[in-house]
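Next, two complexes with chain A in common: one pairs it with chain B, the other with chain C.
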Partner chain A sequence: MAIRRGRGVAAINYPTGMNLGGDPTQALVHSTPTGNFMVTLSSVDLGQGMKQIMAQICAEMIGVPTDRVIIDTADTDTGPHCMGTFASRGTHRAGNAVIQAAKEARQVMLEVAAEELEVNASDLETDGQGNIQVKGAPQKSISIFDVALSAHFKRGRSISGRGMFLIPRSYPEKETGAMKPSTCYAHACTVAEVEVDDETGEVTVLTVKNVFEIGRALNPKMVEQQLVGGSWMGISHALYETTEPYYPNRDHGGTDFNQYLMPGPGDLAETEIIVLERPSADGPFGAKGPGEMCANPQIPAVANAVFDAVGVRIDTLPITPERILRALKAQAAG
Partner chain B sequence: MELRRDYFADVRKDGLHEIGQPRPRLDSPGHVTGKTAYFADRNFPGMLHLKMVRSPHHHARIRSIDTSEAEKHPGVVRVLTAKDVPHNVYTILILIQIGPEDETVLADGKVRWKGEAVVAVLAETERAAQEAAAKVKVDYEVLPAVFDMEEALKPGAPLVNEYHGQNYYLYDSGECRKVRFGDVEAGFAKADHILEQSYQSSPIEHAPTETTGCVVAPEGNDRFTCYTNTQAMFFTLDNTSIILQMPGNKLHFVGGTVGGGFGGKVDVIVEPIAILGAKLTGRPVSFIYSREEEMQISSPRAAEKVVIKDGVMKDGRIVARKVTGYTDAGAYSRHSPYGAQKGAGHYPGPYTVPNVWIDTYCVYTNRTPSSAMRGFGVTIGDFALEVQMDKLARLIGMDPLEFRFINAYRDGDMKAHRQPTEGAALIECMQEASRAANWPVAEKYMAMSSYRKGA
Partner chain C sequence: MAKVPVQFTLNGSEKAEFIESGTTLLHALRDKIGDTSPKGGCHQGTCGACSVIIDGELRLSCLTLAETCSGADIKTTAGLAEGGVLHPLQRAFLDAFATQCGFCTPGMIMAAKVLLDRTPNPSREDVVEALSGNICRCTGYEPIVQAVLTAARANSQNAA
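After this line comes the complex of A and B, so read on.
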């Protein structure tokens, strides 16, 4: 009886957005007289930080710091339509809608600034700090705050914009299955290293090294938060979780966190995250949706590592100590 | 986390002000100091609490329901049964023309899974609602149930759902969604090795911190505001409008920050019945799942069975791949026909295989309806595909990572569903993993690229 070590690899891809498209999202952007910008949506922030990302996207497009953008979302009386937050679609779909809305608002803002500075709007640029300046002559500038005041009280202009993003729906061809499931795909490759106790069947995941290609890390800290959490969830899926431990038998289903197993802090592997960025053709600044795929590659990587360690294949999830011991027993029996 | 910006540097525009910056989240101080408001923080004077009477049987006919004792219980204001629901038989994907309507808001004549909602009790306190629910008498005639997908697909199996008429979802393509590419039998015929393996998963729970729920307040003008943690505001509003036969302008949904979704909050379950309760009593209503309901009543990730048959050459090329996927939808469709179809669009994975045959089935059994979850239609398929890849590599005596390089898709490669590959990056992920994990592969693989000249 011994502790045996093994490692396994898995490589995957994942589609961004609702499968086969047809999932619209809209956004509205307007400035207030304070020079701050409101983004109005009906998308839902599930805790992943969607509001923050939408604020950064709008800020980049308008040319103000992110804290000058306020997100008003998830109210059907005020927010324009969004299909919902699922299918790794939030950043991609709503982000594109915010870009389009912010572009329209930015154009009005530059037109008002052009009137104030007595130049052509096409000669103006933003400095990203909340100012509009003449290209090549940055000393000739006006703050976005002053432009907002001018628009509201002097010029009678609404600095606002409308955004809409829709991937047209694809219908699978009946006989061949020809279809367009998605317009862009995120990628990952994970290497997991495990120890398996061949006496108890216990698996300890030592290290998980994940490489994720996500198009564009719009906010690297938030990308890290999502990818690390996903990686843990993948390990949990591989080794612990089920509502029906003896599926298809309906008995023994857990009803609370004492009975429904999940890893505790001490069970989590040393986790490494490496991010590559190949911008997608149609994502906001090239971003793809990594929200779902980041929890997938750990499952087969751990399964393959268990085989590498003890030489038995567990092809049924979750890979419990019971299943490993039964397989080892069967293997010993020849 | 490490950003490796040397990959794909030629196609990326850098030097932006806000994008790419690790700005602190503006909402996180509220989250970590308990200041963020969630739906359940709404409390209204006179608010009622809704509790469900649920089926104790996997499959049964309802002979009769007696609510008289429950109605007399102190604190009970109203008891709802199927006849109170204006459009009781519904299905959520009807909004994107995926029918038939196959599920009841409150059971009518029959229950098809253990835990199915039968009677709703509205009372002044949670405790009174719970106690009264226990006093509802339902007379059941227990029917044979089927739990195993293979059993369910056999002739003569108990019929789970009469609205389908058979124990699988009928696509326009027939009993399964199909993908046909090349000639899979010819591929098998010329292969050096054939490997057919079967993979199985069990249902799992989303396990959000915040359980599913909503709080409904009548606005006093025939409008109702529903504070909810749904992941999809208008999708839920539109389905509620159909179920309650109530114009959409009478409904106002307010969401916001949700305490974790993972796909578990895209079914439309709590909102319609809570709004109906508010309408019929004129009082605010709270309907929040207990942890037990979240784990055994709310939809889990489906159990799936995936059978993969591959033909592979000694040099490592996969020449044929046949995949048969089965998704256990439980008793009702919810999002499962979509999920099974998504699987068909995902196989054979991120590899270029010249001959592919895919069938994905959505199967009905007498268990808790499954639905969307993080990685819907793909996660279990990836488990099966990537364990199969490991087995194939070992079968032909090849390094598992090198074997994947040989088959990895690249720009311009035609996929089985007949879309050319664009924006591939699998090879680069594997190259970086090779370095990071100190798992060396031959130099020719490290020199590969997802780019193809002219692609």
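After this line comes the complex of A and C, so read on.
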């Protein structure tokens, strides 16, 4: 009886969004009279930071600082249609919709500015700080605040835009079954090191080293935050969490936090995160969906590490001490 | 059920309410007084999201009857910022990206505050121990541990 060490590797690719009956998200953008910009969505920010990312995208497109953008989300009664925040689709689908809506709003904004400055709209550019200026002659400029006032009170125009992003449904080919379930994929690879006590079946994850390829990181700190939390959650899924420990039998399923196990701050593996950025062809500014995939590769990596340590393949999650001991017993019985 | 009067200090101001006997402090704070900073995650003492500080001790407000708090000095995360300036713990949580959905955050900050009030220069083990009654779904804990250690360093620099 001994503590045995093992190391496991796993790599995954993970689709951004799903191939539903067509996968749409819509967005509306309009300016307030003071030149702030309102983005209306029904997509939900559930802590992953969608509001921040959509504000960045809109700000970048319109040419204003991020704090001039207000995001209104999550009212599916009144907001433009969104399929929802799931399948790591939020940034990709809603981001593309916001880009399109902001482009249209920006065009109206430039037209109003052109009238005020008595130039051609195509000769105008934004400085990113909330001003519109003539290309090559930045002294000839007008603030977006003044443009919005003019649009609202003088020119009777609505600085607004509509955005629509749709991934059409992909049907399988009759002959081969081939289809296109997604238009872009994120990737990850994890190396996990574990210790397995072959007497108690207990697994301790010592280190997890993760590389994530996530397209363009639109907000690198928030991406890192997501990946750190996700890596921990992957280990939690590998070793601890389940509502049905004897699935499909529902017996002994945890019904509260006393019974539903999750690792706490004392159970943290040494974690390393490396981000690779390979911009996607159809994502907003090259983004993909890093959300859910970041909790995936740890699971097969831990299963492989357990195999490396004690020579048994556990193919049912979570990899509990009970499952390991039963497998060791079966192995010993030959 | 008969209503009973309770009177306590919440974040420095006097509060008086008539509550139904058996009301939890969590319910009284959120639904009677309107301080929604303590969160109800489990209502059974297993998640820590409802943590508050009562007379200097970390307490689970979901397991504390409001009527037992008469005369107590209660502190919640809502009372930490002073004059619009965030408490060093709040600042550190923001800077360390130690909050995602934010549901655990007020409880984490209360637990951390009691730790730092008693142990201004905690070790990593001290921090882990202090947070061990609080569940977080999102962050993986490491950013929270780092935030508490950073706040402790900021405090001791200010004190020096």
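Just so we're on the same page, the second predicted complex is superposed on the first by the 317 of 334 C-alpha atoms of A that agree within 3 Å, B and C clash if a C-alpha of one lies under 4 Å from a C-alpha of the other, contacts with A are read in each partner's own complex, and residues count from 1 in each chain.
We take it that contacts are C-beta pairs under 8 Å (C-beta built on N, C-alpha and C of every residue); 3 or more make two chains touch, one makes a residue touch a chain.
Note that the structure is a prediction, hence the values are computed from the model and not measured.
In the superposition on chain A, A:168 makes contact with neither chain B nor chain C. In the superposition on chain A, A:47 makes contact with both chain B and chain C.
By the touch criterion stated above, A:156 is placed in contact with neither chain B nor chain C. By the document's definition of touching, neither partner reaches A:334: not chain B, not chain C.
Look at A:19: by the touch rule set out above, it reaches chain B but stays clear of chain C.
The wider contact with chain A, measured as residues touched, comes from B rather than the other of chain B and chain C.
Contacts of A:262 after superposition on the shared chain: both chain B and chain C are touched.
Of the two partner chains, neither chain B nor chain C is touched by A:136. In the superposition on chain A, contact is made by A:231 with chain C only, not with chain B. In the superposition on chain A, chain A positions 46-47, 49, 221-222, 224, 228, 230, 233, 256-257, 262 are in contact with chain B in one complex as well as with chain C in the other.
Chain contact summary for the complex, chain A toward chain B: residues 7-15, 19-20, 22, 42, 44-47, 49, 51-52, 55-57, 59-60, 63, 65-67, 73-77, 79, 81-87, 128-129, 172, 174-182, 184-185, 187-191, 209, 211-213, 215-224, 227-228, 230, 233, 237, 241-245, 247-250, 253-257, 260, 262, 272-281, 285-286, 291-293, 295-297, 299-301, 303-304, 307, 313, 315-318.
Residues 1-5, 7-8, 11-13, 16-28, 31, 58, 96, 114, 147-149, 172-174, 177-181, 197-205, 207, 230-235, 237, 251-263, 265-266, 291-292, 295-296, 300, 303, 328, 338, 341-342, 344-346, 349-350, 358, 365, 367-368, 372, 374-380, 382-387, 389-391, 400-401, 404, 408-409, 416-419, 422-426, 428-430, 432-433, 436-437, 439, 450 of chain B are the ones that touch chain A when the two sit in their complex.
Chain contact summary for the complex, chain C toward chain A: residues 42, 44, 46-47, 97, 100-103, 127-129, 131-132, 135, 137-145. Chain contact summary for the complex, chain A toward chain C: residues 46-49, 221-222, 224-226, 228-233, 256-258, 262, 264-266, 268, 271.
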